[in-house]
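I am attaching a structure below and will ask some questions about it afterwards.
So that you can tell them apart, the chains are marked A, B, C, D, E and F in the order they are listed, and the count of residues begins at 1 in each.
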Amino acid sequence: MCLAIPVQVTELLDGDMAKVSLDGVGKVISLALVEDVSVGDYVILHVGYALNKLDPEEAQKTLELLAEAGVVAS
Amino acid sequence: MCLAIPVQVTELLDGDMAKVSLDGVGKVISLALVEDVSVGDYVILHVGYALNKLDPEEAQKTLELLAEAGVVAS
Amino acid sequence: MKYVDEYRDGKLARGIAATIAREVRPDRPYRFMEFCGGHTHAIARYGLEDLLPENLRMIHGPGCPVCVLPVGRLNDAIKLARRPEVTLCTYADLMRVPGSDGMSLTKAKADGADIRMVYSTLDALRIAQEKPARQVVFFGIGFETTTPPSALAILQAKKLGLKNFSVFCNHVLTPAAIQAIVGAPEGASKVPLDGFVGPAHVSTVIGTRPYEHFAETYAKPVVIAGFEPLDVMQAILMLVRQVNDGRAMVENEYIRAVTQDGNLKAQETVAQVFELRDTFEWRGLGAVADSALRLRDAYAEFDAEKIFDVHTVAAQDNPACECGAILRGEKRPTDCKLFGTVCTPETPMGSCMVSSEGSCAAHWTYGRFRDSENRRAS
Amino acid sequence: MKYVDEYRDGKLARGIAATIAREVRPDRPYRFMEFCGGHTHAIARYGLEDLLPENLRMIHGPGCPVCVLPVGRLNDAIKLARRPEVTLCTYADLMRVPGSDGMSLTKAKADGADIRMVYSTLDALRIAQEKPARQVVFFGIGFETTTPPSALAILQAKKLGLKNFSVFCNHVLTPAAIQAIVGAPEGASKVPLDGFVGPAHVSTVIGTRPYEHFAETYAKPVVIAGFEPLDVMQAILMLVRQVNDGRAMVENEYIRAVTQDGNLKAQETVAQVFELRDTFEWRGLGAVADSALRLRDAYAEFDAEKIFDVHTVAAQDNPACECGAILRGEKRPTDCKLFGTVCTPETPMGSCMVSSEGSCAAHWTYGRFRDSENRRAS
Amino acid sequence: MSAPRLRARKLDLKTGKVDLSHGAGGRAMAQLIGEIFAENFANDLLAQGNDQAVFSVPPGRLAMTTDGYVVSPLFFPGGNIGSLAVHGTVNDLAMAGARPLHLSASFILEEGFPLADLARIAESMGAAAREAGVKIVTGDTKVVERGKADGVFISTAGIGVVPDGLDLSGDKARPGDVILVSGTIGDHGVAIMSSRENLQFETQILSDSAALNGLVADMVAACGESLRLLRDPTRGGLAATLNEIARQSNIGVRIEEDALPVKPEVAAACELLGLDPLNVANEGKLIAFVAPEAAEKLLRVMREHPLGKDAAIIGACVDDPHHFVQMRTSFGGGRIVDWLSGEQLPRIC
Amino acid sequence: MSAPRLRARKLDLKTGKVDLSHGAGGRAMAQLIGEIFAENFANDLLAQGNDQAVFSVPPGRLAMTTDGYVVSPLFFPGGNIGSLAVHGTVNDLAMAGARPLHLSASFILEEGFPLADLARIAESMGAAAREAGVKIVTGDTKVVERGKADGVFISTAGIGVVPDGLDLSGDKARPGDVILVSGTIGDHGVAIMSSRENLQFETQILSDSAALNGLVADMVAACGESLRLLRDPTRGGLAATLNEIARQSNIGVRIEEDALPVKPEVAAACELLGLDPLNVANEGKLIAFVAPEAAEKLLRVMREHPLGKDAAIIGACVDDPHHFVQMRTSFGGGRIVDWLSGEQLPRIC
């Protein structure tokens, strides 16, 4: 029910809508719940609405933590 | 459009309706346009309504005339 | 089938045919118009032409309600049917009649219009009761035979308090049409007639009296006849005899069902609900005064013309179609260039190719093997 | 898929698994509840159990909105859908949930109810605009993630002046449910928990702050985690470390999407339209105070409960169904006698066998090969 | 290895309805097929559960045919859409002189259709197939949303084997050939119409729906070398079939109205509806075109079979480039017998 | 005798619509069949205009199959219901190792359906049949009232001939057998969904709808004796097909997620819709079960055919009375691959 997926904004449309893309699959979604979204941003898409912007730096940081958690072990 | 066929009344029903029969095929029709119809009478059926009672004596007379018209000729 | 099969007896027919053949004078033509499509159909269906002498010709009259309905009124019906709130109920005969631009009720239905073929006004009433959210319009068409059931339906709707039932009234009057034929000004195209086979079931309603005027004024014999083939044969014999005797009177072959006064109850029912229109357009005959009915104001709430604000726009027949001349008795189906080529019952160009009582349809469906071209070829 | 595939990397997973295996103390159990169905699904779908040590057990929590919806409310939705004027729009997950008497939205639809599966409240709004003659009711269900889209739809309907759109609101609140779990009175059946994997997308909306109370008051570690399998692995590692360290704090693994404050715009939107219900029934948890939302009076015209005068009648769960105990973490799917015999996804007896986030469905669909009986046999 | 424990509950054949899951290719569909179709069609080939059946066929040329069945109402006096779907396809094979072997059946179900009705239909199909000596060896089931179909549509296809030396075809009629009909005409169409809600008339007439392969086998055995063609006058009735053949064989047809077997009740129903029995559908009747010298023998053979007891010689073929079908009416005149155009009552098969 | 003059006007293939007369068995129906179906399917057997086709078949056992096609929308990226109705049935024949010979086609048309669309569909069917080397030899057309169908439904049946010695069947898989798939999975289902109005997403994905008999012929020629069975994973996708076979053959299946060929766009669309590519329909793909020693050879042969260029070995069979289909996920864990239950997107075929 809470499933959501990061998609990239490819075009801003009228009425707080936007075109987004997930690996070449395009879709029109609503940006009414988020602020300051630009083309190129990743947003988390849930039931047709962007729930949040995804923070690329924090994402990178998480990946590093994941790698670290694994590396420590081996 | 004006096609009609003689059918025999087999049962009088409520609401000025009647059951009629044509060689064993039964149908419910309206008697609202005719008066004094009894079971056994033949009526002329047109688009679900009896248009007229058929007069058996006149029918017989016509048959005699037809026979006569033909006989004269042969 | 009692009172049916007796009147389809082939042996009797051959007897009457022989009598007719014997009684016709070889030196003159006999040109009789059967007014009704029902007679036209019987003549074609039973192959009566094969039983009649060469110099006796049956001319098909305008007594086919489907055939005489003008294109403009059919367009109105299609327009009504296409209203999203409307369910149009119609007798099946009307489904394929071509309106303007090749449209028809069949095509409008395929296009999505809600159109139901019914066998009776009782069915239309039932639909109105079952579907209170729909506006059920009955496409009322026909002569005096078919008018009383429409009148009754309106009375019944009033009694039931139905708010969603109406009639699009196109009921027309037989005597007015006969008048238009016999009273037409003389001219090159006017077809000479030696007598009429008078209506069968119309007469069960209106009786024999209304025809007396024609017999007297225009000196034309009229024989009212049933729709069974022997009825028609017998009526023809009776007409031959009137012609031969120089008589011109109304005779009644259909005494088993037709009286002098007709069905008074039916007449009263009609008079209660309907009134005369000043004039009405007939295909083939043009505008004919006092020839059609409309709903009285007291029943305005059931009058589709008023409810849906119908304003008929006169529309052109297909110019190549000879229906008009055929309906006036001036031409035969085979006189039309379109007959059997582009115009067939599958792709009718005129109304006469649609109703099984139409001259063109009857000839196509039953009689075309007689056409000289076809005789030659086979 | 960027920001997706990276978090599904099997090699990294094996690394983290090894770290977990190394860090867990063999002498104690680790019992972590993942609150969310999304986590439950990821654990089953990616086979995480195979990567975790024997003494670390994941306990599935009540965070599946479909699973916790009480039968009475589902009956209400079915009743709404069966109203002839209503078109009920619902997320697909709800279609097969069994209501009373074995009825479900799927069966009601087969029976003729007008029920549409939608992917978004935007679809429901579109249907309402396209079908002005229908009363379009959106079956609103879900946690804080799914509530803002419902709130926006209502605001949009108001803006558009729609008179035929309403929401049947069953939105519930995550913190209240966590409270019901951790704050339940001690007893024989209460399941001991060593920490929580905290919600992913719920937290994108509400932020991390609401969980601090639980960490503090009940001394339970909470790690908020994304729904990708590496997120879950990492969160488990973080929980193990908190337990080992004797810490109990809120940590955030899902920093790429979750902030301390959450999405304030979404929170405001929700607050504008909805208000707290005093109490609401949860399957498994019973009546929970301040745990659900209803429409504010200012939006009464969009409140299906008011428009259609819904009065929920409490209804019995199937008495053999263990969903309640499973949702409280007290039992596992295989503890239910019906699991896999009469209860399967085709013929579910309880809601947990319907949603792919339900414990029973997840175990049936992905994990049942691990059951000892099945291992033995194969 | 032990058999896996039974998991699914049985279908609710009393009050259950078809829903979309029954067409989704999953376990629900497998259950529907197993408990309704496999159960009633029971045969070894279908039981294999493959997407196709594989089998050996006896020597001879093959006949193949298909028909879709959309009759309304689904249940009518004398049969239902299921028996009809078997008879119709068996008959189209038999009309080639073929011995029908196997049928396939494709079902399109409307969401909400009662499982009880589906089971009744499948039962009738199974019984009709057994009676005709054919197997329903492969099938398919689709479910469409409510309002996108009308209960159930069935398309059956069939194959049969044609004995060597027999070559019946619609183009083989020659002037002089004699035309026979196997029994009374119009029964099926009238039975369907009598059960239509909006027509509302009462008769005792039953559909004549039946498998004709037995009758045909007798006819072929007795007169195979003299037979030109067989055809079952279904949609469009005898009129359409005679016109089709006249066109295919480039001949004319002459029939006698007095020779046509028509039940009085059928004639009466047609009179009431303004129809001609010649245009009304049949489902258990055939017409045969045969060399003149074999006509009487064929008639005798047909009359000895229960499905041909009312067989009659109705006319003959003539040379006619117009392909007219003409009839001498019982009244004594001549007429064309034409295809009916337009508003024929729909969905009689 | 001169040919009769042409009477009917041509169908209006631009703006015309199907009406009830096109199904009434009269001249209008004959015209529709002639100008749309006969025109596009053009072949000698159909041209005879009989209610069945009669023909000789080469030696070997016969395969027979049927499927109903109700796909919505009727036209989708990469095909339409017409090409699909040919491919699907050709493939079910090919899955028995049969050389497809002849098809039948039963059409159920909704009143009001545009003749132009029907002509496009018939054209695609004709083209697909020619490409697959089969003939549509017999057919049927019914018309139902508006609101009683959904544009057009097509049921095709087909027969083909199975070379002697070849016996492929769903019950022939044995523990140890290797499982191959002929290409990327999920393309058809995603293409259909992308063209559904209410889903609204954009992709470049085309349906993989194609006739597989050529590929199968190569596979049989190279590895016929080692092949256990073939099946096309259509409705229900790979998951349903593997579960079916596990049940029929009384085995278990183990596959590797990393080995499954899935286009990135298909994976993305599935992610958006919350679907698993394993449950999504294919129309031009097959799975093959083969003896382990022939697996690599079969893979090479498949990859040499254009329709098998992305072929892959995806797993193997094991002994398992539970008939579990299990998958090692790319993440490293294990999971069941189950049939999808419930609200699968309807009408993908």
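To be clear about the criterion, a residue touches a chain if its C-beta (ideal position, glycine included) is under 8 Å from a C-beta of that chain, and two chains touch if they have at least 3 such contacts.
Worth saying up front: this structure is predicted, and the values here are computed from it rather than measured.
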item	value
Greatest separation from subunit E - chain, by CA centre	A
Most contacted chain pair (by C-beta pair count)	E-F
Rounded Å distance, subunit A centre to subunit D centre (Cα mean)	22
Inter-centroid spacing, subunit E versus subunit D (mean Cα positions, whole Å)	55
For subunit A paired with subunit E, centre-to-centre distance based on mean C-alpha positions, whole Å	61
Centroid spacing, where centroids are CA-atom means, of subunit B and subunit E in whole angstrom	37
Residue list for subunit F, restricted to those that touch at least two other chains	1-2, 20-21, 26-28, 264, 267-268, 271, 274, 319, 321-322, 341-343
Subunit A, residues touching no fewer than two other chains	3, 5, 22-23
Residues of subunit D whose C-beta touches two or more other chains	1, 4, 13-14, 17, 106, 119, 123, 344, 346, 377
Touch-based graph of the chains, sorted into line, ring, star, complete or other	other
Contacting chain pairs - touch in the sense defined above	A-D, A-F, B-C, B-E, C-E, C-F, D-E, D-F, E-F
Contact footprint of subunit C on subunit E as seen in their complex	198-199, 252, 264, 267-268, 271, 273-274, 318-322, 324, 326, 329-336, 338, 341-343
In the complex, subunit D residues that touch subunit E	106-107, 109-112, 340-342, 344, 346-347, 377
Residues of subunit E defined as touching subunit D within the complex	1-2, 5, 7-9, 17-21, 26-28, 31, 111-112, 146
Contacting residues of subunit F [partner subunit A, same complex]	200-204, 264-265, 267-269, 271-272, 274
Subunit B residues touching subunit C - in the complex, by the definition given at the top	1-6, 8, 22-23, 30, 32-35, 42, 44, 46-49, 51-52, 54-56, 58-59, 61-63, 65-67, 69-74
